[in-house]
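Structures given as structure tokens follow.
Each of the two complexes below includes chain A, the first together with chain B, the second together with chain C.
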Partner chain A sequence: MTDTVRAGRRKFFDLARPSRQHLLGYILIAPAVLMVAAIIVWPLILAIDLSFQQVKIPRLGGASRPFSLSNYTWLFSSEEFWLACWVTLKLVVVVTAGSVAVGLSTALLANNRFRGRTVARLGMALPWAVPEIIAVVIFAWMFDTSFGLFGWLAIQLGFSDQMIPWVSSSTAAFWAVAITMVWKGFPFVSIMCLAGLQSIPSDYYAAAKVDGASVFQRFRWITMPLLMPVLGVTLVLTLLWVFRDFSIIKVLTGGGPLRSTQTLSIMTYDQAFQYHNFGRAAAVGVLTLVICIIASLLMLGRRSKSIY
Partner chain B sequence: MNKRVKRLALGAATATVMMMASLGPAMADTVLKFISWQTDDAGTGEWWHSAIAEFEKQHPGVKIEFTKAERSSYADTMTTLFAANQPPQIVHLASFEFQMFADSGWLEPLDPWLKKDGIDMTGWAGQKTCEWNGETVCIMTNYFGFVMAYNKKILDAAGVAVPKTYDEFLAAAKATTKDLNGDGIVDQFGTGHETKGGPGQYLTEMLNYIIDAGAYWTDKDGNITIDTPQMVEGLTRWKTVMKSGISPVDMSASDVRKLFADGKMAMRMDGPWLYGTTEKGTAKSDIVYAVPPLTPPLGGSSNVLAMPSDIPDDQKQLVWDFIKLTMTPEFQRTYATLGGNTPPSPKADVSGVEKTIPHFPVLLQTMKAASEKGIDRVPIGLELYYNEFSKMIMEETQRMIIQDLDPAEVAKTMQSKAESIKG
Partner chain C sequence: MRRTFAQSLALYATVIFTLLMILFPVYWLLVTALSTTDELYRLPPTFWPADPQWDIFARVWAAKPILMWLWNSMLAAVGSVALSMLVSVSAGYALSRYSMRGGATMGLFVLTAKMLPATLLVIPLFSIFSSFGLIGSLWTLVLAHSTMIIPFATWMLKGYFDTIPKELEQAAMVDGCSPIGAMVRVVLPIATPGLAATALYAFVLSWADYAYARTFLVNSPDNWTANLGITTMQGEYVTYWNDISAASVFIALPIIAIYLFLERYLVGGLTAGAEK
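On to the complex of A and B.
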């Protein structure tokens, strides 16, 4: 190999050259991009492809079935799907609102200076740190119809003269799921809001005080507008979490009774693993994804308008 | 020259490493994967381990990798493995879930294997369930009959005799349901049913009362037979039991069994596996096993062994050797002595088992009674749709209880929906 050829090659691979620096960037992010493509994009393509096939249990490497819209036709004419959409919507609204209310309140509280603030902050974050499945099992015991703590409390406090059938009453089951999800979800909102609150300069509050603004006015005209960027992103993330959460509902109620807690994610699971209709399950999954994308775009759009 | 030598040496080293690596698996033991939910079950788990040990002794160089998958997610695990083209070589499935795999052509027909070894399956309890599209696709591992276990101390304290009919059972359950400490919460139940374990389990619990009322989901030809006076009576009984507070609600099977084993429940109708829990409970000495008051006793096929159709032939032979081993009279006997189960083989010698398992004659009696009446939990004609069917029945039954609907109307709705599911 001549020196000229060797020098030419070195020159070509000289990534330090300004004109080649973008190549270095691409090379560095390539493993991450490939990884994301392998574990997210490829399964997504498979799911979309599956949703257009009439297939019970697919087999990796097996022959594809002919293109069909039957899964979507079934879906849009199915009462089950619309009920699952309604339950998901109710849960998204209740849990997101509950998590934001509790999370923002605790963040405002923990943002003040008081004795034991560190312990309070730790306690506030604790539900987030507890693994979801452990938290749900504990809640399942507390909501137990025969021996649960909540039923016992209701009797002792005189709210009820008998144990509450948390899991075998449609309304009670929905609220059992919602309460558990709010408990698990509010620390995230709280931590995000606390971070947002700490980034607001104290001068703004001092100036507002001098101008005679009340506590409510300071909250309405300083805290909320400056917190909106953080709150907007937090709302989207919470909403997506409620949309995709599976384990809380599965362990607590399994989607029942009478499908009163059957969300789109539970329906996807049931269609795939209970009824072995993987084509239909893929169709529910794809539609859930579309709904999530639309919801996120709407929320982020609203957030961007609300900043300052 | 030096560089050339170095390159040659490097190439030779690489080739050697690659060759050694490719030889590795061939030199290692042949491994058969066997996934089950029973790996650490009291009795049954030990029986599986003993069969594996004997198989490995008979087949030097062959290992069975025995792995546990939880029952609650077992069907999901097996579905995923089959879908990913990675099924275990030894396939263990519940008798109500193998049909989907058989229908997809993923289970090896076993008739040629049975014929080759001259194995006669006549009289093998529940084996008919393993026939799919005219072929034998599995071997029935367990066929059982329900028994009733009761807490003698609780029944004596309430002054009630061991029930022999549904009415007596209901009266006894009501008499033994009590709030013992007066805090407004019932802490001793007359009986107990699992209603949180999923639709299949829900149907099993209901079926005790439905069969006793003379009803069933389908007839022998697979026609839906829900809208009948007998079914209305069966649904009425279930509604009565669930609304009268004699059973805890929303409990899993293990919780219900634990309550019974610890003396918080008077009577429990269950399969042979209840014994493993009662033996560990605090009320062990008060528990007696008897024939259930509801007749014929609920029973049926429980679990099966099969092999995938697309594994290499040499592995198929090994898997068949393992299945065959579990079918020998010796292992069928230890299925009773070690596992505490009723062996499906008519040739199994079960004499003397009652010395270690006192209620074994009751288990045999109920198994034979259920088998003679052709009782099974999976209705004929709905095997492929069992999950969908059982969920529909569970939901309509829950609706009947929650909204206090007339069982006659519910039976009509169930009939119509079942026909729709069957298509």
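On to the complex of A and C.
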């Protein structure tokens, strides 16, 4: 009875019908696909296209220049590009290692049971909530060449007999950037590792203790293996962040002095918006993307799905 | 696990020392804002100003259009979060509930989008926006920030929807709900914490942006966001560190407040992807 009533009222376009279910899925996903096509895929195709044209400032709809590899040949033969690769590599290694070291230790510390733990945990990851630009304001003043706290501390502790020229010395500028980035980057590692640590059942530790495993052994044979998946993903995400970061370096040193802090990201941006070489800039950017993809696939291998 | 007194002491000492080291820069920002210019340009540095200049906050608030900058940041963030959530919620739901051709490709795409450097995307976006005459408008940020938000939000929401049993909608549909009705009236209310976490995280992402704001809005001071505004206070020759620090406090405060009060949601969002 009900069935016939329903059939009688069956709408022409009834999405509840099993055969139409698929259609509904596509309808629901369509807006996102269209948006992504318009604001990510199309621009990305334009950028790749741009990287193969000798073009200064592109106009949409303007006649496109003939296909040319000149941007890439210029890149591979320019010292600037290789220097940027080297700086990026150094920064990625230093900042990722620093963030993981500090992040993992703070996570292990906050994983202990003690009074005030919630507050301590919030405090330890607080830099995560400080916007990058504000972090730069803080550190730029602490690294100030004449009255900065860090220069003064270095003198007091006997590391240096004068204020450190954070701005004009290549090495000092690099470390200024690295320290700022570690302060901003380690809380993410800490948050992720702490979540990972808390998902390890405490029985494992109890059992290991009964078997007489020392603190170090418990860390080595229980914590590390079980934390590895989370740590691996976190490491890659941190690495990608350093690779692509723009604001910290741009505002702190502008890539200088003498390009000693110019990463591939900064080079991409400056080629486009400082020297108005959009074609070259697109080429650097495309290569950066390719390097990012290859690096993370190599590091995660089959597990790369987990960083979605 | 029982600890001896000495062990407890060591633990608390380590925790407090670590906290001091980590939070010192934030403390220093406050001290810098409250110090007089004389105290700033003097060594050894002043660790707590003799006469804290609390009125610096009112002075900077009056001297710089900080409220306008914050408002612009807010508009850009709310706009991009709203736009992204609108398309991401239904896309995440579709990916979770319907097996579609290309689902795996979507995953790969999200992965690539996560790696896309803003410095690369900003180049074509700049030419697109300038040919539509959008440069200088906050709409550029709404769209540009959506490029960061949509891929991750879609994937994160798919993860949340996956945790909600399908039987709930099936029951609703048996009771006469349409598929859309089941999604809107049954699934979305249950997924509210997930939606909030995603939106909150997206908001923080948008608020943090500097690259896009700098590129698209630098010549329109009326539309400057907080991050862009603050960098213009950094002078080429002289920077008034107490002023810029006080302004920084205003700009950092909203996100720090979100973090302190809604940390659980934010962390849920951060770790959602990694714990598989």
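Here is the rule we go by: the second predicted complex is superposed on the first by the 289 of 308 C-alpha atoms of A that agree within 3 Å, B and C clash if a C-alpha of one lies under 4 Å from a C-alpha of the other, contacts with A are read in each partner's own complex, and residues count from 1 in each chain.
FYI, a contact is a pair of C-beta atoms (placed from the backbone, for glycine too) under 8 Å apart; a residue touches a chain by one contact, two chains touch by 3 or more.
Computed from a prediction, not measured in an experiment: that's the story for all the values here.
In the superposition on chain A, A:112 makes contact with chain C only, not with chain B. Of the two partner chains placed around the shared chain by superposition, chain C is the only one that A:131 touches, whereas chain B remains out of contact.
When the two structures are aligned on the shared chain, A:224 is found in touch with neither chain B nor chain C. Judged by the touch definition given at the top, the superposed model places A:146 against both chain B and chain C. Of the two partner chains placed by the overlay, only chain C lies in contact with A:24; chain B stays clear of it. In the superposition on chain A, contact of A:33 is made with chain C only, not with chain B.
When both complexes are overlaid on chain A, the residue A:101 reaches neither chain B nor chain C. After superposition on the shared chain, chain A has more residues touched by C, the comparison being chain B against chain C. Residue contacts after overlaying the shared chain place A:288 against chain C, while chain B stays out of touching range. When the two structures are aligned on the shared chain, A:298 is found in touch with neither chain B nor chain C.
58-61, 144, 146-147, 152, 273, 278 are the residues of chain A that lie in the contact sets of both chain B and chain C, per the superposition on chain A. For chain A in complex with chain B, the touching residues are 56-61, 144-147, 151-152, 155, 161-163, 165-170, 254, 256-259, 270, 273-276, 278. Of all residues in chain B, only 75-76, 79, 82-85, 100, 104, 183-187, 195-196, 198, 248-251, 387-388, 391, 394-395, 398-399, 401-402 touch chain A in the complex they form. Note for the complex: chain C touches chain A at residues 1, 8, 11-12, 14-15, 18-19, 22-23, 25-26, 28-29, 32, 40-45, 83, 86-88, 90-91, 93-95, 97-98, 100, 107, 109-128, 130-131, 143-144, 146-147, 150-151, 154-155, 173, 178-180, 204, 207-208, 210-211, 214-215, 226-227, 230-231, 234, 239, 241, 244-245, 248, 251-252, 255-256, 258-260, 263, 267, 270-271, 273-276. Interface residues of chain A facing chain C in the complex, by the touch rule stated above, are 15-16, 21-22, 24-26, 28-29, 31-33, 35-36, 39-40, 42-44, 46-47, 50, 58-61, 106, 109-110, 112-114, 120, 122-124, 126-135, 137-142, 144, 146-147, 149, 152, 156, 183, 188, 191-192, 195-196, 199, 229-230, 233-234, 240, 243-244, 246-247, 250-251, 264-266, 268-269, 272-273, 278, 281-282, 285-286, 288-289, 292-293, 296, 304-308.
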